[in-house]
Amino acid sequence: MDRIGVVDTMFARFDMGSEALDELSGCPGFGTTFEVVRRTVPGFKDLGVACKRLIEQEDCRIVVALGMPGKAAIDQVCAHEASQGIMLAQLLTSTHILEVFVHENEEEDPGRLAAVCVDRARKHARNAYWMLYEPEQLTRNAGRGVRQGYGDAGPIAG
Amino acid sequence: MDRIGVVDTMFARFDMGSEALDELSGCPGFGTTFEVVRRTVPGFKDLGVACKRLIEQEDCRIVVALGMPGKAAIDQVCAHEASQGIMLAQLLTSTHILEVFVHENEEEDPGRLAAVCVDRARKHARNAYWMLYEPEQLTRNAGRGVRQGYGDAGPIAG
Amino acid sequence: MDRIGVVDTMFARFDMGSEALDELSGCPGFGTTFEVVRRTVPGFKDLGVACKRLIEQEDCRIVVALGMPGKAAIDQVCAHEASQGIMLAQLLTSTHILEVFVHENEEEDPGRLAAVCVDRARKHARNAYWMLYEPEQLTRNAGRGVRQGYGDAGPIAG
Amino acid sequence: MDRIGVVDTMFARFDMGSEALDELSGCPGFGTTFEVVRRTVPGFKDLGVACKRLIEQEDCRIVVALGMPGKAAIDQVCAHEASQGIMLAQLLTSTHILEVFVHENEEEDPGRLAAVCVDRARKHARNAYWMLYEPEQLTRNAGRGVRQGYGDAGPIAG
Amino acid sequence: MDRIGVVDTMFARFDMGSEALDELSGCPGFGTTFEVVRRTVPGFKDLGVACKRLIEQEDCRIVVALGMPGKAAIDQVCAHEASQGIMLAQLLTSTHILEVFVHENEEEDPGRLAAVCVDRARKHARNAYWMLYEPEQLTRNAGRGVRQGYGDAGPIAG
């Protein structure tokens, strides 16, 4: 059975990992074609190596990495470092890792921020499923302004 | 038969991948000397590893990677990370990957932005062809201010 | 017996390494299941390779890396470089390294700055222990706004 | 016979590659001890992997990489990425690559900009020669404020 | 006999390499336990690979890398790239490289700038010696605000 990894953090202020898990559990083949492995790390700088370990040691074929950069200026630098770690983990393993970051300052209202978390986590969990089993879903949407967390921007009227 | 890879994104708001494919299909040897393999990923941070996989697992000898950074400030940081991923993919595979990014804020008018997308995607697709089969086309233009997306800047009048 | 590494610097103005050591010495299995190896380096840019050496040459299964970026503007760039080094050390060894940085300008008052050092060093030392022996402690706190150095932010009221 | 690589770009607005070639052709041993291999790539982000390929596949013992970052703000970020690529190519091959970048905004006057290009390209071509065959030329100038593109700054009067 | 590497640049405006060499020549075991190998490169972006070559090809067990970033804004970006190169060289070789950078704008007065150069080069040369032969000198100074170039900041009064 294939394995899809889900890694999230204690630092984040919304349980995005559970959203991703729930979305994957509703995809065709869950429990028969693929199963899901979850890990939680302290903060988003720990995501890169956690993903790499899931790929190397737990045979995950793709991983969804979820984190929430805080509001402070230093958090932006840390988010950049965390992203570089996830990028490097992808390139050293030749395996896709979908980065799902929701910046705490994307929305002031907690309810709206939570809605962004839910939408982005679920859409990227679905993307992970598509990349493994239905890549044509991605190709038919090439260049169409598809977004996660919010509604699609759509193609430009060129 | 050689293979040239083309990778684009769902995030982009113009189908640059199809422009690159069309340009390559008009190059000498298409279908006899070389064929084209296309992949679409969610966003531009997924391009680096997708290119690496095309090189390692699909035997592509060169890849064209197309993306469109959005207008938000955070998109500039993400574009930087995406570029670093493409750079690393090149260096880990010792294979050229031509990065074709059109920033959404390069042009306000959708029609002009689309024109930049078409021109840049096609010229870099042609560059990929040249790098494999006619490298002298590049050498004879060394230091001549050649541009993609817009007209050439030309050499300085030194 | 397992080994946990602790690396700190002469540059830091508080002995965070000793706090981490003391915290680990109070964890279940100290001296029987695991022991601690400590190294001190000049500054935080030396942490990355020191951690990698502890993992490769001293068989440490996880490392806690402690540093204190100074107040000058250049120190922020150096902190970024130091963090990238720790990130790379993690990815090249597929081993977790918990970065514990306390910026000297987080608090003006020395007593409060010291309290941040104590709290952050100890909580991350505990995190290192949990990651090896009680990972369920992390998973049950996924997305709950857990912090080190200060009190938890808690989950958003979404 | 040894080989020295020279890589330049179509993007640059001055033919720095030819200056480097001409300088090397005037060095002792040209054509007997060493020969020169030239490649041209589209832009400076393609330099890193082109240099790596010259080292790995064409046996170049050192490479001179020439590029001209444009005037736009985004060009500064791209120059940073291009430099990181050249740095990584050096470290992955354990081979020196001399980066010769002339920023288009270093001089407003085209004639003066061209003069910077000529001087910097030639001096770094000579440096490449020295590094291979006369390293003592570098050591005797240690800490003496040597510059390329402009006159030397000289040592401080400490 | 062990080997310690010292690499400096022609770009720097003070001969820091000679200071480091002189300091090491006064350490116990010089000429019997260890010897010193010196290299000079054009600029600080060449330091990383030069250090890596000293480690790989000249068997240096530790290296001191000395450079002086200039006053221009672009020099700060270049310094960042140079530091990343030194960091990567450390991690790819699992060997310490002590980065000794004196920014030309740290002091306006040439005499004071020279004094910073002397102090920082010598203290880091001594650190290199300690790291190989007397690591307890570092551990006893953990968290004590030790500085190079200027007097120690000392521990905070927490």
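Points worth noting:
For reference, chains read A, B, C, D and E in written order, and residue numbers begin at 1 within each chain.
The working rule: contacts are C-beta pairs under 8 Å (C-beta built on N, C-alpha and C of every residue); 3 or more make two chains touch, one makes a residue touch a chain.
This is a predicted model, so every value here is computed, not measured.
The chains touching chain A as well as chain B do not exist; no chain touches both. Chains touching both chain B and chain E: D.
Judged by shared residue numbers over all numbers used at their interface, chain A and chain C contact each other through mostly different positions, with under half in common. Separating the centre of chain C from that of chain E, both taken as means of CA atoms, is a distance of 25 Å. Put simply, the C-alpha centre of chain C and that of chain D have 41 angstrom between them.
In chain A, the residues touching two or more other chains are 84, 88. Because contacts link each chain to exactly two others and close back on themselves, their graph is best described as a ring.
Around the ring, proceeding from chain C in the sense that reaches chain E first, the chains are ordered C, E, D, B, A. Against chain B, the residues of chain D that register as touching in their complex are 8-18, 38-42, 45-46, 48-50, 52-53, 56-57, 68, 70, 74, 77-78, 81, 84-85, 88-89, 92, 110-111, 113-115, 117.
Contacts from chain C toward chain A in the complex involve residues 76, 79-80, 83-84, 87-88, 90-91, 94-99, 103, 124, 127, 131, 135, 138-139, 141-148, 153-158.
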